[in-house]
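My questions all concern the structure below.
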Amino acid sequence: MMATAENLITGMLLIIGAGFTLVAAIGLLRLPDLYTRMHAASKAGTLGSGMMLIALAVFAHDQSIVTRALAAVVFFLLTAPISAHLLAKAAYAAGYRLWGSSLHDEMAGTLPKRHAPDAAAQDDEL
Amino acid sequence: MAAETVDISHAMVMAPATAGDWLVVAPVAIPILFGALLLMVRHETRLHSGLAIGGLLMTLATNIGLLARILNEGPQVMTMGRWLPPFGISFTADALGASLALVATLVACVCAFYGLKDIGATGRRYGFYPFMLLMMAGVGGSFLTGDIFNLYVWFEVFVISSFGMLILGSTHQQLDGATKYAILNLVGTTLFLTATAFLYGIFGTLNMADIARKADAMRETGPLVTLTMLYLLAFGMKAAAFPVNFWLPASYHTPRIVTAALFGGVLTKVGVYALLRVLVMLFPDERQVLSGVIAWVAAATMILGIMGALAQSDIRRMLGFVVISGVGVMMAGLALGTEEGLTGTVLYAFHSVLAMTALYLLAGVMNEIGGSYSLHDLSGLYRKSPLIAALALLLVLAVAGLPPASGLWPKVLLVRASIDAGQPWLSFAILLTGFLTTVALGRVYILAIWRQKEAPAGEAAAAASPRIGYAALVILTVPVLLLGIYPDPFIRIAAAAATGLIDSSAYVGAVFPMGVQP
Amino acid sequence: MRTLIFRTIAPYLTSLMVLFSIFVLLRGHNDPGGGFIGGLIAASAFAIYGIACGVSPVRRALYFHPMAISGFGLLLSTLAGWLSFFFEVPFMTGLWTKVSVFGLPVDISTVLFFDIGVYLVVVGSITSIALALEEREHG
Amino acid sequence: MEAILSFFVAIFFAVSIYLMLSKHIIRILLGVSIFGNAVNLTIFTVGRVVREVPPIIPEALQMPDTITANPLPQALILTAIVISFSFFAFLLVLAFRAYQELGTDDTDGMRVAEPEGEPLPPLGY
Amino acid sequence: MRLPLINILLALTWTAVSGSFTLANFIFGFLLGAGTLYLIREQVGSLGYFARSVKVISLALLFLYELVLSAWRVAVLVITPKMDLKPGIFAYPLKVDRDFEITLLANLITLTPGTLSVDVSEDRRFLYVHALDCSSPDDLRRDIADGFERKIMEAFR
Amino acid sequence: MSGSEEFLALAEFAALALLSLSFLLTVVRVLIGPSLPDRVLALDMLVTIAIGFIAVIGIRTGFTLYLDIAIALGLVGFLATVAFARFVLSRRYEQEFVKRDTLGIYGDKEP
Amino acid sequence: MTADSQWLTFLALMLPFAAAATAPLLTRLFRHNAAWVLALAPALIFLHFAGLLPAVADGRTVAGGYSWISSLDVDFSWYLDGLSLTFALLISGIGTLIVLYSGGYLKGHEHQGRFFSFILMFMGSMLGLVVADSFLTLFVFWELTSITSFLLIGFDHTREASRRAALQALIVTGMGGLSLLAGLLVIWNVTGAGSMSALLETGDALRQAPLYMAALLLILGGAFTKSAQFPFHFWLPNAMEAPTPVSAYLHSATMVKAGVYLVMRLNPVLGETGAWETILPIFGGTTLIVGTLLAVRQTDLKLMLAYTTVASLGLLVMLTGFGSEKAVEAAVLYLVAHSMFKGALFMVAGLVDHESGTRDITSLGGLRAAMPITFAAAVLAAASMGGLPLFFGFLAKEEIYAALGFSNGWSSLLTLVALIGNGLMFAIGFAVALKPFLGAKVETPKHAHEGPVLLWLGPLVLGGLGLIAALASSVSHQFVSSPMSSAVAGLPVTVTISTVPHVGLPLLLSVVTVALGIVAFLMLDRGRALMAATLQTIGWGPDKGFDQALRGLTRFSFGTTGVIQDGRLDHYMMATFVALAASLLIPLFLFGELPSLPAIPDAPFYEWVVLLIGVIGLGAVIYARDRLTAIVSLGIQGFSVALLFMLLGAPDLSFTQFMVETLSVVILALVMTRLRLSPTDHRPTGEKISDVLVAGLCGTALGLMLLRVTQVPFNGELSEFFAQNSRVIAHGRNIVNVIIVDFRGTDTLGEIAVVMITGLAILALVRIRAVKPARATGKEG
């Protein structure tokens, strides 16, 4: 009985987690600019993998695995926003401007600019 | 110690390891220890040279002890971690490995001594002596290990250490030279690793004695000729054989002269050693199949090498090409594969280690008193220092293979071996190389030493004679001369080395005393 | 890098990672891990610390020069091998003994010291590289 | 699986060598890095491949009771990875310093040790 | 932060006494220790400790809820054939001023729906936040102020 | 094999399929960029997916020890992002470097 | 030979070297008078060898020696028969006089001690050469004579001409030495004899061996270069740059005869064949004519003598190769005579130069009054050289003509050659001996008067000996000529010719020679002009050719090296990888080591995906147009490898690979801040194609090899052992880790050494600045 529940929960978590991950990947492809893509990666992606780790924790009977899996999730939640922040800040600082149809940019003017804010020219040599 | 509750006799060596047994590993473990120690006292640069020379002398002492033991008792083995061979890594020292390790350590001692003057505080702080010690650990490990993957590791140890020595100073020349040296050497060692991977896939073992005894059985099923060819290429690269020798002339003239001296003396010989060990001892039949290729490679290396020397104005660069040419000569013995030829190769290796190191140091001293490395500028050294003129003459004779110095007998042996083996053209190549060496170095001698460009007013300026340089040169010239005048013991050791390669039974027997597969 | 958010969190991350690295080091004999991986993780930790807060705090935190730590690691590993000399067994033979720490039996072995040496070498060298490069950037 | 891996490894080797044949030091370095991976995969493949079962003895056993992946190539690769990483790091910094000092990343431009247009050695006596 | 330390010491004592150094036992010991501290709450002034613990847990729960919601919104957004996006960056005036609090807030914002912290201004008075739907930045600002920022201040002050 | 086990096996398979697809989509983003932060973001995403992948493989094979790799991956993925951010941010230093160099102030070169 | 005298002979052979070692000190003590002390060494040696004369005259040989390099069957042994003993006596005897002469000639020279050293070392080498029995001992001494002669010719090292001459001699004779070595080793190989004594026992073996011709040519290569046979003669006149004692000793009396010695020594085993009797006379005869003609051209006394030396050596070779006992006798007599008269004349030339300040025959004259003793010595020597009756040269010339005769066209031709050569030599000899002394006094740079005893003693003794030896011909024949001839001929020969002329063809020819010589003497100036004009017209000679060859060699080497070692890393890499492709593909195909076709593999879809990602990553690295895309793409392929490791049961590897790939990316990113990747791969299309081809071939080859290797049945005993003992004995469950720290811990020790050194090396790279040491040692933790 216990095993059945475990298997079911594990399976569900896996599918949902993988689903979130896929959604994040789709978002990464579909969304129009870096900043919007980051929303997909840092939320759906983090949650997806986090769920799969929890699935592992549910599945495993070894309590050390359980604790490590949970620790991994926490660790993951700790670092994910930091990387998002760093990347966003760096991109912005490097002159990577928002998508053309963005509504506001209240941050404009806070950082020295180098490049023309033209996304097409922002390729390479960043 | 926890009491052993399980029977370990099926997995471990039961005989105790005596202090004498430790001689096999000491020449590697001592320099590592000292290298690590030096790093810990990195800022106490005054301690460095003393510690380094002390460590090297200890290493030298163990080398001597080891060789003596081998000559008395045959190959010595210690299997690390007490595991039975072929499961543990067996250090297996035979006459070949131990003698080369001894000669290499000797020149390292001299170079460390020379470094007293050549290497300042900055050079020391950034690791000249640790690099040197670790390099010697790598070189020693390469000579003494009986495990082919472990050989790869020691190769890498000395290669990376050589990188460190090479860039110490960061001059433009060094950076350029080191780039080429590093990339090409990396490719070479990676090919070695690749070959070793294939070897493991075929044999399922890495112990060289184990491979030697299994080679016959595997010859049916495994692609051993291709494997051997790959080893030939990889080690050929390390030895600086044509057409994979470019890294050497590109870099050897760029570092401090003491570094170049150590490189020129020691490094290519490790490649030659590996060629001997693998091609002669492990894959003799395949070596036979490839002997034609090896012979051509040898001839091309020696002749193009010495032609390269003829083309140089800078004596350091010239010496780089002389090193290459010597590699070609050593490969001639490998191509022949006869006892006589291999004896010649090993003897040449002894000679080359000593003479090339000495020549580079000589170049350093010449620069010091003559103010240049260029043949266009050097002159008047005879007047400034008759001692240098005499030492230079001896060393020139040594590399040219003329009496009374060390190069003569290996040349004689190799020429005789190629005649005896029915390969007279190879002996022609060797003799031609000797001839061209005479031309190249003879010219250096008359230009740099004899020629007197300006009036000998500069003699006063040369009053500061580089005493350490002189002493180092004299120390090295003694064995060079000894090898020329009384070569018998050296030839005997070389012959023992060659015999041990051709008939690996002593080597295999030392590793597997039971003679049966455990 | 002048970012408050990163700078605030980096020290905690660093200690967390160093902790994890020691964990990985000590369990290496039985599970994936070991001195090398542990060392890499610890070195990464110091690299993050250095990038976030500058090189000097890291150097102060380590107290010894990273290369000296590396040298000590190699010395430790080699000495772990040399210890065999006194037991008449070949170089680098694993020697095991049990000691009691607060009544708990703990296995102490030369192999462990060897692995700790590996860890220290890796931590020292990689940290030294990262710091040296980081320093060049801003030096 | 060995066959697939052989093919895979061949691609790794080819790509790395193609990159190393470039004149640009960065491309060469990228090639060097891939070269290392190619060799590691080679070592892995020659030890023959077993899927998914790591060479770790379960807590309850004294020795493995099933066929595990071959541990030896893994150990060898670990050593090799470390070494190739070290070399890579060194080369990278070397390239960087060379670029800094010599002002070029084109190996054709880095001809200080063997400069172009050198004079002949003295032809007299 | 004295009390958490005492609590941990109590937990350690428990594991030592019970002779089992497992994490589960440690947590059990920690809870037991918390219980014992609760018994002497007036003498050691641990009332705030427990109140704050509750606040922290409530912050964590809020965060988890927001995270799931956030992921879900992204999912819905990206799989709709025609994405309706009105992104932009707005400046959020910070009330919290300690490094730790700013960092926590920024991270929480990042992990929650439609918002992502880009940077903190040099004078630490503004947090620049990127939003997927930036049509009404004032609403967003109010949400943050009433949500995470308030909870953080409750939990850590 | 019980029903729940069958379900789990199916779920594993489905998860692997979804993750594989995610991998490929993310790789596409790495390839098409267009900017460096986009690629870095995608690389970070790859790491995230890999963590999930590891979890699934751990469940599928029963070798839960792969978990530690996941932990390390979370760490290193983070590290890579930090490094790139660091790189992008320090580009301004390079501007300085170039300028000073042309003025001849940056004195690392041989005279 | 008794043990006692064996020891003495050894001592005699070592004595010159010992004397050489003490010479600088002695010279510092006694200045030029050290010559008297130092001359004791050769004198004692002479006495020792003279003591062996009776035994040798008895037809015995004196052999002895010590083991030297037993591993090579090389002994330090000697073989003294008539030939070698005569040479030993000439060397030590003339050597004694030369040492004395040097004392006077270099009086006051700051490096006189060094000069004594060199000349004594040369003497020891020469002595060793002629007495050596073991081939290799002979070779060693042979080369030592070249080396010491290099030092002596270059003694006046500040002059370019000296340096050139020294190098030239070294190169030419060095080349010959190598040829000799090869020849000796071929002989050793063919006959199994490694020493002269053993070889002489083998009879016809060598002549009948298939390698006879090779051996012959190689030996002659050594002999002809050393003995200055045309066209290798040019170095000898140039060697006149050396101080005159050297010219007198090395370049007339001793060293240049080493080649003749060799030919004579091997005559019994190499001679009496068509090749021998063709090659030697042709080369010898040509050398004789060329030498005399060129001698005519010269005005410098030493050069005149030098060319006649060349000619004489030609004559000796021609005679030795003629193939009759008589010719051998003639050669022997001429050799002895030549050593004496040429040595004397050289010393005379030096003496004249020393006293008058010039050696130009056209600016000398009338010195007879000022230098009567010198004049006497000169006349005595010239008389022997010209073959006048009562002198030893006369015996030689008689014997020459007697040997050659007119028995057939060949011998007639050679006789004619000898006639012309001797005639011209007569002229030159007397020109040197008479012109400076007779006639009106010519003003010379220095005011000439008779030199000190050290200087005139040598020429006078040698000149006088030419007379005495001839007068006491029975004695000299008994002890010298006959034993030597026997040794050369390989059978007992008795020389009988005496100064009492017998009417016959030889005498007639002698008369013709003298007549010819007188005519030539009188027409010497005209002849000189003619020769000068002729040489001017030819405009080229081997001497010039030497320079051209050396320069050409240098230029050719320079060009070749410039092509091979062109400083371009991409070329080096290309060569390396072409070699790699060839090294693998050729044996794979040639030795049938190709793999068999594998079955279609079966792998789960996600493995394919991982592999695909890897390949995509690789493609992306290649196509990356900026550095960062390249780095990220690199990350992808590394990531794929790590995942693959995980899927294939290698968690540790996967773990490490992830860490290492990330750290690589980190370091790349740290470093790349300043390192640009140019946006395009600059390779031209053609180069790209060849690169793709080579890379593709290498990849294919390595892939094929890998596939082939995996098709070999696998031996997993090592891993089996590790699995069995990992936990039981080594106390670890992670077998990989146990291998790393225990089973194969030594690998790891090396590995961490690599890591440590890398850290240090990078630190050095980053910190050390080439110029600013202040900064280099600056701040640092």
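In order of appearance the chains are A, B, C, D, E, F and G, and numbering begins at 1 in each one.
The rule we apply is simple: a contact is a pair of C-beta atoms (placed from the backbone, for glycine too) under 8 Å apart; a residue touches a chain by one contact, two chains touch by 3 or more.
Remember, it's a predicted structure, so these values are computed and weren't measured experimentally.
Steps from subunit C to subunit F, minimised over paths through touching chains, total 1. Shared contacts of subunit D and subunit E, meaning chains that touch the two of them, come down to C. Chain centres were defined as the mean of their Cα atoms; on that basis the chain farthest from subunit G turns out to be E.
Judged by contacting C-beta pairs, the busier of the interfaces B-G and A-E is B-G. Averaged C-alpha coordinates put the centre of subunit B at 45 Å from the centre of subunit F.
One simple way to say how far apart two chains are is to compare their mean CA positions; for subunit C and subunit D this gives 25 Å. Our note on geometry: subunit F versus subunit G, Cα centroid distance of 67 Å, whole angstroms.
Put simply, the C-alpha centre of subunit B and that of subunit E have 64 angstrom between them. Residue numbers of subunit C whose C-beta contacts span two or more other chains: 1, 3, 5-6, 9, 30-33, 36-37, 41, 44, 47, 65, 67, 70-71, 73-74, 78, 81, 91-92, 94, 96, 125, 129, 133, 137. Within subunit F, contacts with two or more other chains are made by residues 16, 19, 23, 33, 36, 40, 42, 57, 63, 65-66, 68-69, 71-72, 75-77, 79, 82-87, 89-91, 93, 108-110. Touching of two or more other chains is recorded for residues 106-107, 117, 119 of subunit E. Interface of subunit A with subunit F (complex): residues 3-5, 7-8, 10-12, 14-15, 17-19, 21-22, 24-26, 28-29, 34, 37-38, 41, 45-46, 48-49, 52-53, 55-56, 59-60, 62, 65, 68-69, 71-72, 75-76, 79-80, 82-83, 86-91, 93-94, 96, 112, 114, 119-120, 122-124, 126. Interface residues of subunit C, counted against subunit F in their complex, comprise 1, 6, 17, 20, 24, 31-33, 37, 41, 44, 47-48, 51-52, 137-138.
By the touch rule above, subunit A contacts subunit C in their complex via residues 75, 78-79, 82, 85-86, 89. Those residues of subunit F whose C-beta lies close enough to touch subunit G in the complex are 16-17, 19-20, 23-24, 27, 30-31, 33, 36, 39-40, 42-43, 46-47, 50, 53-54, 57, 63, 65-66, 68-69, 72-73, 76-77, 79-80, 82-84, 86-87, 90-91, 93-94, 97, 107-111.
Chain contact summary for the complex, subunit F toward subunit C: residues 65-66, 68-69, 71-72, 75-76, 79, 82-83, 85-86, 89-90, 93.
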